[in-house]
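Scrolling down, you'll hit the structures one after another.
Heads up, the next two complexes both have chain A, just with different partners, chain B and then chain C.
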Partner chain A sequence: MFKGIVGSRWRLPIAAVSAALIFAPLIIPVFWIYILTLIFVTALLAISLNLVLGYGGIYQFHHAVFYGIGAYTTALILTKTSLPMWVGFGAGPLVAAASGLIIGWFCVRLTKLYFGMLQISLGSLVWIIVSRAYSITGGDNGIHDIPVPTLLGSSNGVYYFTLIIFMVSLVVMYLIVKSPFGCTLQATRDNPQRCEAVGINVRRHQLAAIGIAAFFAGVAGVLFVGLERSVFPGLLFWVFSLEVFVMCLLGGWFTFAGPIVGAAVVVALRTSVSIYTDYWTLVLGVILILLIFFLPEGVMGFLLKRLEPRPIEEGRPLADVAG
Partner chain B sequence: MGRNGECGVFLAFSAHPSLLIRESQRMELTLNLDALSSQLVIGLSRTMILFIVSAGLSFVLGVLRVPNVAHGSLYMIGAFTAYTIMAALGNNLAGFWLALLLAPLVVALVGLIVERGLLSHLYQREHLMLILFTFAIGLILNDLVKFAWGAEYRSVMPPEILEGSLTLFGLAIPRYNLFLLVSGPIVAVGLWLFATKTKIGKISRAAAVDRDMVGVLGINVSWVFAASFVIGCYLAGLGGALVAPTLSITLGMDHTVIIETFLIVTIGGLGNIWGAMIGSLIFGVGQSMGLLILPQYAVVFPYAAVVIVLLLRPTGLLKSVW
Partner chain C sequence: MLRVEAAEKSFDGFKAVNRANLVVEEGAIVAVIGPNGAGKTTLFNLIAGIHKPDTGKILFQGENICGLAPYDICRRGIARAFQIANIFHRLTVFENVQVSVLSQQRKSGVLFRPAQNLAVEETNSILASTGLLNKARRVAGTLSHGDQRILEMAIALGSQPRLLILDEPTAGMSPEETTVTMELVKHLSQARGLTILFCEHDMDIVFSVAQSIMVMQHGQTIIQGEPEEVRQNEQVQEAYLGGALSLSKETSDA
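Presenting the complex of A and B:
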């Protein structure tokens, strides 16, 4: 299936990493299994943001709201209704995608910073309603002890479940990026005027991209419920959106795999640095500033540039180098 | 106070599931002019704080084109510094004025260091990178605040002369709110005078419109930027110092402010100071009036207003300098 889509030099590393991840639970301690699972969830969220941010050039400033909507939908269906569990798990991403289309429908009328601002205000509306509606969502306390299928009872079960969904989502998103739709989306990022001129409906492409991104953010939200068995309004908070944003830029937002690296760095850093000190955001801040000054294309962007020293045209982002 | 008691009863009722009771209660209270006007005073004082902070953000955004996410952290530093000064000098007028004078200057100094040391090298980068940079600065400043002041809640009293309330037109207004109502317009007029009458203000406005042309005229744009950034930081600090006696000062107070001021600046028109005033009014008064109608969801009102404004006038109410 991937013949010609994934460059030959990438097949071996990808196979090696996949194998390592499949056998990881046999070797590493339970705590790190949990961290790895959390990294998958966060990485999926970051990559879904990058679909619109890196490939669409859309200032999606409040992406976490779709993550939260996905998580809350699943949590509410699992706790408040007697519907079968798979309905809850399936509904999360769908509701997230629908909310993405609704919020996106308003936002695509604007561009750049104004787009981001409108999205922040719409997203904050959702956040406030969720954190105030105590009778339904539990308000600031959130919902805890959500019943999950017995499959997700053990840490290994959660790990493999998350890993499989994560991998499948990655493949699907990669295929979307490489599809004609993905290419058109990148074209609308690089030159919206010219795209309009050749008859591409820029707004409709952006809206579709936002819907797809929201869907995968919803998938990440559902996985979060499976992992943590709780939801809280912090999932939809604006500052968390900024954090996801940082993951994309840190890992390299013009590469497909960059956000995974960014998410892994942020999650691992938070867990490992906060063992030693309360000041882990200070460390993150310093790392970010060093990165902005010395590696403006992000970690993956830098590595790829080193690995594939091919001429890069002036002003053209590195979007397709992962291929 | 009786007024507060009434408000409390109202809050209890509005949480009641029966819509009928809420509706009748609401009618009674909207007719209650006392509650209305006291909410208006509270809303207007909040407007003034928001205006001072968002004017600083707007100024930086207008001249430097940098959406300064660290603005909330600077505001928080202003509040904490004011707390320290007031706590050290006791509850008297000298301590209060000294705090109002020094705390913004401390914040301005932080701004100067950040601008000259780091930000001035990044102006050529794109917006997302600048947002990321200021976010990183915000992370660092927040942790430095945690390091310096700890994670506990702090509070200070206003000086005695501004404590209690004053009866005006048969309405008891807390003196400190009155003080805020006066200081907001003073800052607005001062900023307007600065931007239109002083040389550096005129230069910075020119740089906001066409920085290259200003450079061609032989003006050191870099220092104009530094001055503008420092003024923006000063205003954040001033807002923080003014707000200190009205709420509990704590880590995380930056989060709500930064999102509100960002939206205020956007609906007002990027870089437009008077737009920031209108936006602050929408936020401050909208929320306090919303408290009379639907207390539990009062915070929703300003955000809904922002959505409506942005849908009707996507580039803000007043003319943006961009």
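Presenting the complex of A and C:
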């Protein structure tokens, strides 16, 4: 299944990073383990957005809404019902995917910016409902002290749980990107009209991609519940979506791993800058401006260009390029 | 194989296509000619389903295909190459054609199998027959204009069409590229048994390649017939030699 789709030059770095992450809790202070876990959660969210943004060319401005829906679904099931916990954890991504399909069903009728505007509107509708429905969601206060399995009781437990789900999700998303579905999705990004002319139902393809992206955003939402044991309307506020959008741009939205870099940078910055000032978004704004001017393809895009200009030699055998 | 009967299409009151008729026989190479703005591209857009005709019929193998979505028409066996190089710029040449082949094999939705191992043979055979095989790994956006136009055609071939529609296949090409491209078109027609419908400005090409020629003017069909018959036709001679003014009078009561 994996044969040939991860380039040989990437195997060693990937193995090294994985090993470092597995042994990290032995050497890194607890606080930074928490930050690392938060980076996994956020990176998963950013990569799920990039499935539609970078690979699909779909301006999903309000992606965090599916993250929030996933988190709230799990939180509500764990606190308001007596269903087994695994039901709560499993339902989050599924409900997120379903809501992705519902919102997407309306949005795919439009393209580009119009898609984005409608998506923000529909997403904000969900946000306003969640933040006002005090009797169900706790409104502005959110839901706190959500009971989680004892496995997630320690910071190391949460870390490993999140790491495993994060890794599995990454592999699955990578397979999707490299599959015929992913290849066709990239084609609809480059030229939707041409896709229709070769027999591809572009809207349906985009809708499926939105559903998949919403699913993984939901997975990230569920992981957030496991980590923080609380949910609040800020999770599906559109400003947070903007932040996730910036992570994709920052890391490089035409690369698979770019959003991970973007998420790591943003989370680390927010954490360290917040110690000194409340105006950390100011720093983010400056970064964004610098980014647009100097790294239009993002950090990973820039590095990849330096490391390997995309192969253009003629007659090279197929099958050894990692996206 | 394809019949267009009295098709009409207007944009904001302007009749881009006005009672156009066209017959394409199986296995033939048919050309549509006419001055700029005669409605050739619009007619092709009607056949390919990009626009829906206001009135009239478009029959493909006996079925009315009016109003079907472009992807649906493609699945019935009509593929179209565009006037501009309408390709997937960020994908490799190989992937450009592969996307089309995968779509034809109804594998576009396959999720968990690496795309690079699928439809490789079919894709390579199309690349080989269009002479693009040695450029398969290049990113499509970096190809020369002529190669992009040929890739455009290769993408259309990926859907294994029975009828291939080419909209000005040699526009903007150097004379050498034009020769290569038209040889390719003839070769495809013979080797793959493709039916080809194309429009073109270069009359030398049209009269040397096409077996049947349809002439359009102001959205209307003046005549369709064999090259010799078309060459002898008075209206056609006037359209190309005489002034457009005198001709528009004649065609309006035709």
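Everything that follows uses one rule, which is that the second predicted complex is superposed on the first by the 308 of 323 C-alpha atoms of A that agree within 3 Å, B and C clash if a C-alpha of one lies under 4 Å from a C-alpha of the other, contacts with A are read in each partner's own complex, and residues count from 1 in each chain.
Everything below uses one rule, namely that a residue touches a chain if its C-beta (ideal position, glycine included) is under 8 Å from a C-beta of that chain, and two chains touch if they have at least 3 such contacts.
Bear in mind the structure is a predicted one, so any value in this text is a computation, not a measurement.
Trainee: Could you look at A:E196 and tell me whether it touches chain B, chain C, both or neither (first, second, both, neither)?
Mentor: A:E196 sits against chain C, while chain B stays out of touch.
Trainee: Under the stated touch criterion, which partner chain does A:C183 make contact with: chain B (first), chain C (second), both, or neither?
Mentor: second
Trainee: Between chain B (first) and chain C (second), which does A:F23 come into contact with in this model arrangement: first, second, both, or neither?
Mentor: A:F23 sits against neither chain B nor chain C.
Trainee: Mind working out whether A:V286 is in touch with chain B, chain C, both or neither, as first, second, both or neither?
Mentor: A:V286: touches chain B, not chain C.
Trainee: With the two structures laid over each other on chain A, which partner does A:I128 touch: chain B (first), chain C (second), both, or neither?
Mentor: Only chain B; A:I128 stays clear of chain C.
Trainee: Contact-wise, after the overlay, does A:H205 reach chain B, chain C, both or neither (first, second, both, neither)?
Mentor: The second partner, chain C, only.
Trainee: A:L118 in the overlay: touching chain B, chain C, both, or neither? Say first, second, both or neither.
Mentor: In the superposed model, A:L118 contacts chain B only, not chain C.
Trainee: Name the residues of chain A shared by its contacts with chain B and its contacts with chain C.
Mentor: In the superposed arrangement, which is not itself an observed complex, chain A uses no residue for both chain B and chain C.
Trainee: For chain C, which residues count as touching chain A in their complex?
Mentor: 48, 50, 69-71, 74-75, 79-80, 82, 86-91, 94-96, 98-100, 102-104, 107-118, 120, 134-139, 142, 155-156, 158-159
Trainee: Where on chain A does chain B make contact in their complex?
Mentor: 59, 106, 109-110, 112-114, 117-118, 120-122, 124-125, 128-129, 132, 237-239, 242, 245-246, 249, 253, 278-279, 281-282, 284-286, 288-289, 292-293, 296
Trainee: Given the complex with chain A, which residues does chain B contribute to the contact?
Mentor: Interface residues on chain B, with respect to chain A: 67, 69, 118, 121-122, 125, 127-129, 131-133, 135-140, 142-144, 146-147, 255, 259, 262-263, 266, 270, 296-297, 299-300, 303-304, 306-307, 310-311, 314-315.
Trainee: Quick one: which bits of chain A touch chain C in the complex? Just the residue numbers, please.
Mentor: Where chain A meets chain C, its residues are 1, 3-5, 172, 175-176, 178-184, 186-187, 189-191, 193-202, 205, 208, 254, 310-316, 318-319.
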